[in-house]
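The structure follows.
Labels run A, B, C, D and E following the written order; every chain starts at residue 1.
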Amino acid sequence: MTLLVEPPLNNATNYFPIGVQFLFAIGFVVVMMFVTHWLGPKRKTGDKLANFASGIESHGDARHPVAIKYFLVAILFVLFDVEVIFFYPYAVNFKMLGWGGFWAVMMFVSFFVIGFFYIIKKGALQWED
Amino acid sequence: MNAIILSAIWGVVMMFSSVLVKNKGAFRHIAALGLLVLLAANICDSYGPSFFPINTHDMLRFDSFGLFFNSIAIASTLIFVLLSGKDIEKAGSYVAEYFVLIFFVLCGVCILSSFNTLLMLFLGIEILSIPLYILTGSDKRNLKSNEAALKYFLMGSFSTGIMLMGIALVYGGTGSFQLEVIRSVFGSYKGVSFLEVTGLLFLLVAMCFKVSAAPFHFWTPDVYDGAPAVFTSFMATIVKAAGFIAFLKLFDARVADTSTAVNWKMLFCIIIISTLLIGNITAVFQQSVKRMLAYSSIAQAGFMLFALFSLNDFAREGLLLYAAAYSLATIGIFAILLKMKDYTFEGFNGLAKKQPLLAAANTVFLLSLAGIPLTAGFFAKYYMLASVVKTGGYTWMVVVGVLFAAVSAYYYFRVIQAMYFKDGEGRTEEVSGSFKIGVALLAGLIILFGIQPQALLNWFYF
Amino acid sequence: MPIQYYIALAACLFCIGVVGVLVRRNAIIIFMCIELMLNAVNLLLVAFSKMYHGTAYAHDVNSTAGIEGQLFVFFIMVVAAAEVSVGLAVIVMMYRNVHSTDVNFLNRLKN
Amino acid sequence: MIPVLLILIPVITGLIAFFLPGEKAPKIWTLLSAIVTLGVAVAGVYSHRAAELNFDESWIPMLGARFSLSMDGMAKMLCLLTAASFPLVFGATYRNDYPKPGNFYGLMLLLQAGLMGVFLASDCLLFYFFWELALIPAYFLCSAWGGERRIAVTFKFFVYTFLGSLLMLVAILYIYFRTPDQSFALESFYNVQLTAKEQGWLFWAFFIAFAIKMPVFPFHTWQPDTYEQAPTAVTAILSGVMVKMGLYAVIRWLLPVFPEAVAHFDHCVIWLAVAGIIYASLIAIRQDDIKRLIAYSSIAHIGLMAAAIFASHKAGGEIGLQGVMIQMFNHGVNVIGLWIVVDAIEQQLGSRKFSELGGLAQRAPGLAILFVIMAFANIALPLTNAFVGEFMMFNGLFRFSFAAAAVAGISIILAAVYTLGMVQKVFYGNTVPRTENAVDSDLSVKLMLAILAVVIIGLGVYPQPMIQLTNDAVEAVITKFHSI
Amino acid sequence: MHLLALDWMMLIEKLVLIAVIITVSLVVAMYLTYGERKVAAFLQDRRGPNRAGPAGLLQPLADGLKLFFKEEIIPNSSNRFLFVLGPCLAMLTAMMSCAVVPWGSDFTMFGRTISLQIADVNIGILYVFGVVSMGVYGIMIGGWASNNKFSLLAALRGASQVISYELAMGISLIALLMMTNTLSLKTIVEQQMNGSWWNVVYQPLGFLIFFVCAMAECNRAPFDLPEAESELNMGYHQEYSSMKLGFYLFSEYINMFISSIIMATLFFGGYDIPFVNEANLAPNLAAVLGVVCLLGKSLIFIFVFMWIRWTLPRFRYDQLMNLGWKALIPLALLNMVGTAVIELWKQ
């Protein structure tokens, strides 16, 4: 069995130009990188290659664990973004689904809101300490 | 449907109670209340009225089997919360959240007991597993707990990946996720295609992972050992039983029997024997009771797998009984274990002198796990063996199973020996009177089911 | 394109994932490999879905056959997101305690 | 109703005994309970009305298991033995102090209930139930109140028996699914149709379970250790009554259900038993511990009974079976007597070693006389009860195989050697320091021994009531054989 | 194979289009730097660049050339591969996001109908979102690879900010999609051309949220926390020099340009020429005018961006996060539900 290709809009050829553009962009970026690398002067000194910390001597490795808040935001983003993405198919078929779909989505929205209020109440979004 | 929705709702209620209620001790009462409501609603559902007449498009199918299992699971959780609620409070600082997660796990359990499409199987397993990853790691400062959580998580999601591949392949072969369709395709084909058989094998592997059947059991002891004991109790009982219920529903008779490409019986046979072998033999060598229980849970899984081997009515009834008997006994043992200061066998030395009631109850639980008559565990094992004998053939496997049951007596009796026949302090935490009564009642319940199994199983045939 | 191509591709991705899980020692990389496995499944599901839909579409333009495969993909994505959030949290927790994400640290429970 | 009482009285009184405080209360309570049970058992023996002797009630309908008890002659006899042995043992050990007496006596009564259940059950699942139930109290009794090595030894005993019974469970299940009406009833089991091959392995599954319990030669290794380590009161019950469970089960559940397999494997089993007899007798001679000696002698006696049972299906073998019937009772009586003496010695002198004993007859003449009677019964001298039983059993065995009977016959001589050796080493010769200050034993001990001695001689002279009592059971088994 | 069956003329056509569009956006970006300085000068009553060329018009070229000839520095303690990858990724995503934008109506030349859209896919908006959210990798990788505390902190801030506002942005668009029922940008534009009003009339709140989020996404003031020089020196690209720095700067301006274009397309009719019925014009003329119109609209947005930048002070970080999570997301949700109810009511 093979995939039967259907006529409508969504067709692999539609995406072909994007691929072309991607190649184009990559080419551009790489060429630019090489050109500047080749053109620029190279006079390396130890001071120049050290980290810049406004003239203060930098201490150790920068990759220390950072505040958990950032991590929390990232995790919350992952969760909520997936939920948001799920609204898209609904939005596109919104008129077709009518009130039935509306109530189903309202349920989904309520999950979203419950989770949202929960994290707010738990102080996950509290940035001012 | 009642149980699924209400457990989710009550989970949310608990979630917000964590914000609104300041008193830590109140959470377990709220949770117990919720479980009571859940149990009532589920029993209500079993007898007809469902509060949520939702069209599930045949994705979920509520039969008496699943509903009855829900009742068992919810009731066991209730007992668990009543007995070990205080220990949950000690597990970490997010007390209410632990209860929330337990409710969500129950939601997954209820989905697993009624799924009718692979989608729901997948969702049920995930809803069940993800909260467990968190519960396993709930002791944040404890490295063992961390390790257990990470290991459980990695292994769990790995097996999820395998399961999904299996589902995808089965879908590719049959064109549907519905169990009936898959079964009928398996029944109608002369030779099933490569896709379906591979898919089903993947599913088998994944389910073995989830129920910790050998050779995919290796994560279990570490995880059960590392997790806070109170959650190990929950994980090793209700969750595991739910896994088996799902396993049974998935590999129902018609799938396994009609496909000739793989000798399913032989395959299960190997899995069962190796599970029993590994579980029992390693349990013998453990020094910590908690770890022994972890291995013994593998061994018990081997016995539950008999149901999957035989797939007849005895298997179905027996699995329910096994789930109940095993869960109740293990919850009881863990409840007592949690009161012990020392989790090794030596820690139990002389418990009978200090706490005769706890020791007696613990003995009943251990005897039940060993499958001695007069306890529920006997009939559980009885049903499992009977189901295999009924299918005919492979009686030698029953004999092997029985041999391992005798081996299992060794490590269960070590605890009894320690409690009764050895001298020691038997040091425990403060034990409240209500806890003692609860444990005694639980032991009584196990003996009741041991004398009159139909007290439990009659519900199934209402 | 024939469905076999998709199966082969998905199988390759899946195998890379499996091998990665088994071979690599860094928890995050293992986790990424697991995600790779999930995505191989997604790919396969969509391909199958399209295959069934295409077959049905040839007979009936309004057919919705095969959509359940794509539906499944949505659920996999959700679950993957949930797993990411929990899993990364677990890994971070681990990292805060041992300052490493190497799973070789995970054999302390063995004894 | 009588069978139910026989089980219920010990269960209920036993559970109450757990909660009785102090030293005296449990003793008196259990003694009373045991006497009441004995009364009921005697009433059962003399009752002939089916309504009184049978009980049948629904138990687990979904499995087809019923709570059905019935009391035929063999059951009557064994119930009588069980009911009689407990008051005897309680009486003889009345002076002994056990730590936590409530638990001890409670468990003893539960053990009695389990034993009764085994002898009375006429439903196989129920039988299995009681079979295991008898084990658990015995396990706790031996482990908690036994000697130094008690934990390991008792566990060995437990695992052996448990393993055997699990094998039996598998076989029971198998037969259950072959019965036409899916039931565990005795009749259904008797009527089940099995092929020769099935009978073959089912036979072994059952036989191993029973053989461990009896014990027959290769399965006996738990027995001497356990007898040695268990508190003597418990040992008395174990060897006096509990081993009869195995013999009883063979007659009740094995012979009629697998007649063809019995006919097929009879040589095998009998030679095992005979080998066991000789082996145990030889070992017994070498023992230094009274308890171990009696334990091995018990193996020898049981072996003979087992051999006679398996010889009974040949023409004329019913005499042997009849012999087994009465010998079960007699052996129980004799061996309990021996254990009581051992207990009396051990309690007083703190040792059971021949090397540490001697000349006791001078210090305790009453005990010595009674012990000698017991010893004669153990050798099966004429005029003792055992003579009748052994004579009949050898008779049956001779009909089956001359060679086997001849070899087994050596055991009579060996029995004389070790038993008399024991009497001589313990009671005669010069006193040793340990026995220097010994006194005669308590009245309670002597009273119990005297009762036993009366029974021994009474039955030795006039065994007819016992034969009549068990005749129906023998006939039932033999008819079953002849019907195939 | 389908690839071989491709229309080769079409390939050439697309190549030309891609080249033109990328060049245009680069040039626009260059001149935006100029524009920014001029606008700043204007708002602060200064002159701005005025030396290179008439009115300083060659200034961007001079700046660009300088970037080419600057020395490339890769700090010792950095991760070299990632250090280079960061700016490349930022530039790449910036260049890719314009692929689904419809620049104008169809254009006829040499007997061929040429679509002024690189790829007309039915998930246009999703594509844009996908590519834009890749932008965060550029920031994160750059900041992390520098192994500099300031860079790392700035990158973290930037990443958190971008992903936070993406949520609100996503939700705000849903209301719009409920009305258009399509994800294809071209269809959305056509609907606005044929319908009487632009979408902004129906979705003012949605537009506002989208606009705010777009500003935050582009790290534009008042949301330019990642490069808050008073706290973090130069932000995540403080170790960068030469063209790698140039890439970051360029990508930022390109992003600004493209987001203006997207806003114009979604809410302001795209290449629709206001008050004119395109059907009355010659098709080619209409197409050219459409392109001009679109650019014009986007320039207005860009001007507003700059205007805001030089008018408002920077947010504090907690204010920024609170605005994103606690104000915009609930607002966007409300807008979504409200739109749904009204739309269903109307049916």
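Methods note: a residue touches a chain if its C-beta (ideal position, glycine included) is under 8 Å from a C-beta of that chain, and two chains touch if they have at least 3 such contacts.
None of these values were measured; they are calculated from a predicted model.
A.B. asks: Among all other chains, pick the one whose mean CA position is farthest from the mean CA position of chain C.
C.D. replies: D
A.B. asks: Return the chain pair with more inter-chain C-beta contacts, choosing between A-E and A-B.
C.D. replies: By the number of C-beta pairs in contact, the winner is A-E.
A.B. asks: Need the central chain here, defined by C-alpha centroid distance to the all-chain C-alpha centroid.
C.D. replies: Answer by centroid distance: B.
A.B. asks: Report back the single chain whose CA centre is most distant from the CA centre of chain E.
C.D. replies: That would be chain D.
A.B. asks: How many angstrom lie between the centres of chain B and chain E, each centre taken as the mean Cα position?
C.D. replies: Result: the chain centres lie 53 Å from each other.
A.B. asks: On a C-alpha centroid basis, what's the spacing between chain C and chain E, in Å?
C.D. replies: A distance of 32 Å separates the two centres.
A.B. asks: Hey, how far is the Cα centre of chain A from the one of chain D, in Å?
C.D. replies: That pair's centroid distance is 81 Å.
A.B. asks: Distance between chain D and chain E based on Cα centroids, please, to the nearest Å.
C.D. replies: Distance between chain centres, rounded to whole Å: 95 Å.
A.B. asks: Specify, in ascending order, the residues of chain C that touch 2 or more different other chains.
C.D. replies: Residues 3, 51, 82, 89 of chain C touch two or more partner chains.
A.B. asks: Show the residues in chain E shared as contacts by 2 or more other chains, in ascending order.
C.D. replies: There are none in chain E.
A.B. asks: Applying that definition of touch, give me each pair of chains that meets it.
C.D. replies: According to the stated criterion, the contacting chain pairs are A-B, A-C, A-E, B-C, B-D.
A.B. asks: Of all residues in chain E, which touch chain A in the complex?
C.D. replies: Per the touch definition, chain E meets chain A at residues 2-3, 6, 11, 14-15, 17-19, 22, 67-77, 84, 88, 91-92, 95-96, 99-100, 118-123, 125-127, 144, 146-153, 156-157, 159-160, 163-164, 166-167, 170-171, 174-175, 177-178, 181-184, 233, 238-239, 242-244, 246-247, 317-318, 321-322, 325-326, 329-330, 333, 336-337, 340-341, 343-344, 347.
A.B. asks: Please give the residue numbers of chain C that touch chain A in the complex, ascending.
C.D. replies: Residues 1-3, 6, 47, 50-51, 54-55, 57-58, 74, 77-78, 81-82, 84-85, 88-89, 92, 95-96.
A.B. asks: Once bound in the complex, which stretches of chain D touch chain B?
C.D. replies: It comes out as residues 59-63, 128-129, 132-133, 136, 140, 143-144, 150-151, 155, 158-159, 162-163, 166-167, 169-170, 173-174, 176-177, 201, 205.
A.B. asks: Would you tell me which residues of chain A are touching chain C in their complex?
C.D. replies: Checking each residue of chain A against chain C gives 1-6, 65, 68, 71, 74-76, 78-79, 81-82, 85-86.
A.B. asks: Any idea which chain A residues touch chain E in the complex?
C.D. replies: Residues of chain A touching chain E: 5, 8-10, 12-18, 20-22, 24-26, 28-30, 32-33, 35-37, 39-44, 48-54, 58, 61-63, 66, 69-70, 73-74, 77, 80-81, 84-85, 87-88, 91-95, 98-99, 102, 105-106, 109, 112-113, 116, 120, 125, 127-128.
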